[in-house]
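After this come two complexes, each holding chain A, first together with chain B and then together with chain C.
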Partner chain A sequence: MKYNKASEIVITTISNLLAGKVEVKEEMSLIGSESLLDSMKLVELCIALEDIADEYDFEFDWTSEEAMSKSRSMFRSVAALAEEFKKQSEA
Partner chain B sequence: MKILDKLKKRWEDIDHPFLEHSKGKLSFKEIVYHKSLDLSDVNSGDVVALIGDFDPQSILTLLQLIDKNVILVPLTTETKSQHEYFFQSAFVDIIIDGNTIKRIHHNQKHELIENLRSQKHAGLVLFSTGTTGRPKAILHDLTVFMKRFETPRPTLKAINFLLFDHIGGLNTLLHTLFNKGTVVAPRSRSVEDILATCEEHKIEVLPTTPTFLRMMLMSGLIPDKVPKSLRIITYGTERMDQPTLDLLCDLLPYVDFRQTFGMSELGIVRVKSKARNSLFMKIGGEDIETRVVDNVLEIRSQTRMLGYLNASSPFNEEGWYNTKDIVEECDGYYKVTGRTSDVINVGGLKFMASEVERVALQYDDVSLVKAEGKPNPITGQHVELTVQLAKNIKIDKNKFQIFLNKALPSHMLPMRIKFSEVKVGHRFKKD
Partner chain C sequence: MIIVTGASRGLGKAITERLIERSEKVVGLSRSINDLHIEGIECDVSNYLSVKSAAREIKRMKMPVKAFINAAGIASMNLAITTDKSTVQNLIQTNLVGTIYCCQLFAPIMLRQKYGSFINFSTIAVALALKGESVYAASKAGVETFSRTFAREMADFNVRVNCIAPGPIKTDLLKGITDSQIKNITSQQIVPKQYQKSDICDLVELLIDEKASSLSGQVLNVGGV
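Now for the complex of A and B:
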């Protein structure tokens, strides 16, 4: 999967979760006080990405020990999550 | 007096069968006069695995073995793949399978078995059916267990699932034999067959599980196909929810609903429901004490097992057993709200899986549900829900989601909903 496609998927999914109320940009952070998503919405986002990955025939791992160790960097921004999604699609 | 002689005397002038099943009836005489196996090589204190069922030969051999003061390990062919493990865990000396009697030579000893042998008491080994870890070998003093049958008690005509390797099944068998009653085995465990058997045999007591009762509600066969003879429905082994019980009480106003509670480790526990529509129950009997520690029910029982043969003792120094059942207490009555393992913790907010299940079950055409806490790196855990719908029914997932959104706080909302079969074990418990 190309980065652009991964970014489009992540942005569309976040936008759906926020009911299209906010324009989602790549530099937006997903954790911390500036995040648009609360923790429950972030979980919902990851589960939605898990289901989308399934459609693309790969597993999006965000719950294993290995994934947990890099979760801080993975959720740093929309772009970082898209990059991780792309990376896992190629693994 | 030997048990077999006592029973012969009690059944002397009785003509009715003690067991009725789809292929016919079985009288006590047929058991007593069935050709006996040659048990001359079986000695008092031997650990004997009896692979059997509720047939004349197995029942006769079982009674003869108790009279010989052996340590009995009742098994069925259903668990064949685990037999080798069971033989080793229970230190089995002799295996009886059909007409074959085989001795296994080994030099292993276990302190609890040696104690029974020195007291010349019979023993009973049952295996736990826990979903975690390998089955545990539960050793009871069978001589003490048998004492409960000395006092005559009334019997009602009951359906029994006849589990030869289960404390409840053996208790029913012995209770019926000692009190000259009749048990009926259903053709199968389907709702249709069980209700048909109730009708055909004028059954008075039907033992069930909440899962079975939910399936019965969804079948559309009640109240029309529930015979008037049915006076008592018991339910146990898993948690019942109030909406299901309320609906059953409304549909079957002449049936008394009684909760049962127990575990092989504690022996047979007497239970009394506060009311037919109440999930609160009194757990008691003269030999039982109860207490609640950190919302968890603990029981101390005089008729408890002696111990596990392949695991450390689950009793604390004072003999209390932690049931791992979370309870609410009211005037000495307890209501089980979940298991300690069912606690889901989402971002520090704790709740029971059953609270989510109770809400989901209220949605039309939802038959069975299972809520689980799944780990994640953000909130620690989140809820995932498996939903089984009534046959040939499809529901709008969005509408179901909206229903849940209105009824549950956000941390309890399932993050994933799967529509598929909720697995139910052969004892009608959710796997």
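Now for the complex of A and C:
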């Protein structure tokens, strides 16, 4: 999967979760005090991405150490999550 | 489907048999599946990757998971000062860390469904602070606190988490415990009698039932404290 496709998937999924109320940008954070999403929405995002990954025939693993670490976390920004989604699609 | 860890013996086996009597589909997780008479997955709950692999296998089955019962556990009755390092580590790793691994790695399946129930196992030794069970009780105290807190994290998704804390039930874990020691423990319960595996199975049935939908984050001390 190309990065642009991964980014489009991640942004669309977040936007759907937020009912289109916020314009989602790549630099936006998904964890921490400035996060776009509360913990429940973050879990819903992960589950939605898991389902999309199934459609593309790969497994999206969001339970790794990298997933939750603040400094390296895939949730540190929308772009980082898109990059990780792309990476896992190629594994 | 209901998943039971430690399904090959002791309480886990008794619970599995009871659930099968109720015509539930049960999948047992056990370090060795040779002794299992049901569908099983080899899994060492103290090993993160082993639990993760089991969770992946269950997810691939694409069946709803009604409950996850963390019955795997070990016991060692010793004074803290006569408990060796590896026993301390094994107790914490299997009883506490194993329960945490199973809950965190199987929770996503229930979060997706937006229903389900986790049942974890503690011991009455936590509430009674029983002499000679300090390390074992510490590992289970961790399970109780984890369960109560985890219950709050799961509540938004209609997933319940409860804990059963039995007194001395006749299983392999009680090897070496004399009748007078058992009587000494049960005499400290509100109902001073020794309960059986079947009593614990009754509580499991209660907790997985829809009628228990108001119960989450609770520790049920068998016999009362």
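Here is the rule we go by: the second predicted complex is superposed on the first by the 82 of 91 C-alpha atoms of A that agree within 3 Å, B and C clash if a C-alpha of one lies under 4 Å from a C-alpha of the other, contacts with A are read in each partner's own complex, and residues count from 1 in each chain.
The rule we apply is simple: a contact is a pair of C-beta atoms (placed from the backbone, for glycine too) under 8 Å apart; a residue touches a chain by one contact, two chains touch by 3 or more.
Here the structure is a predicted model, which means the values were calculated and not measured.
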item	value
Touched partner set for A:Cys46, first chain B, second chain C, both or neither	both
Chain B versus chain C as contact partner of A:Thr63, first or second or both or neither	both
Most chain A residues touched (candidates chain B, chain C)	B
First (chain B), second (chain C), both or neither touched by A:Ala19	neither
Which of chain B and chain C A:Ala91 touches, first, second, both or neither	neither
Chain B and chain C contact sites that coincide on chain A, given as residue numbers	39-40, 43, 46-47, 63
Chain B-facing residues of chain A, complex	39-40, 42-44, 46-47, 51, 62-63, 67-68, 71, 75
Residue numbers on chain A that touch chain C, as the complex places them	39-40, 43, 46-47, 50, 59, 63
Complex contacts: residues of chain B adjacent to chain A	346-347, 374-379, 382, 410-411, 413, 415-416
Contact set on chain C toward chain A in their complex	52, 56, 104-105, 108, 111-112, 153, 156-157
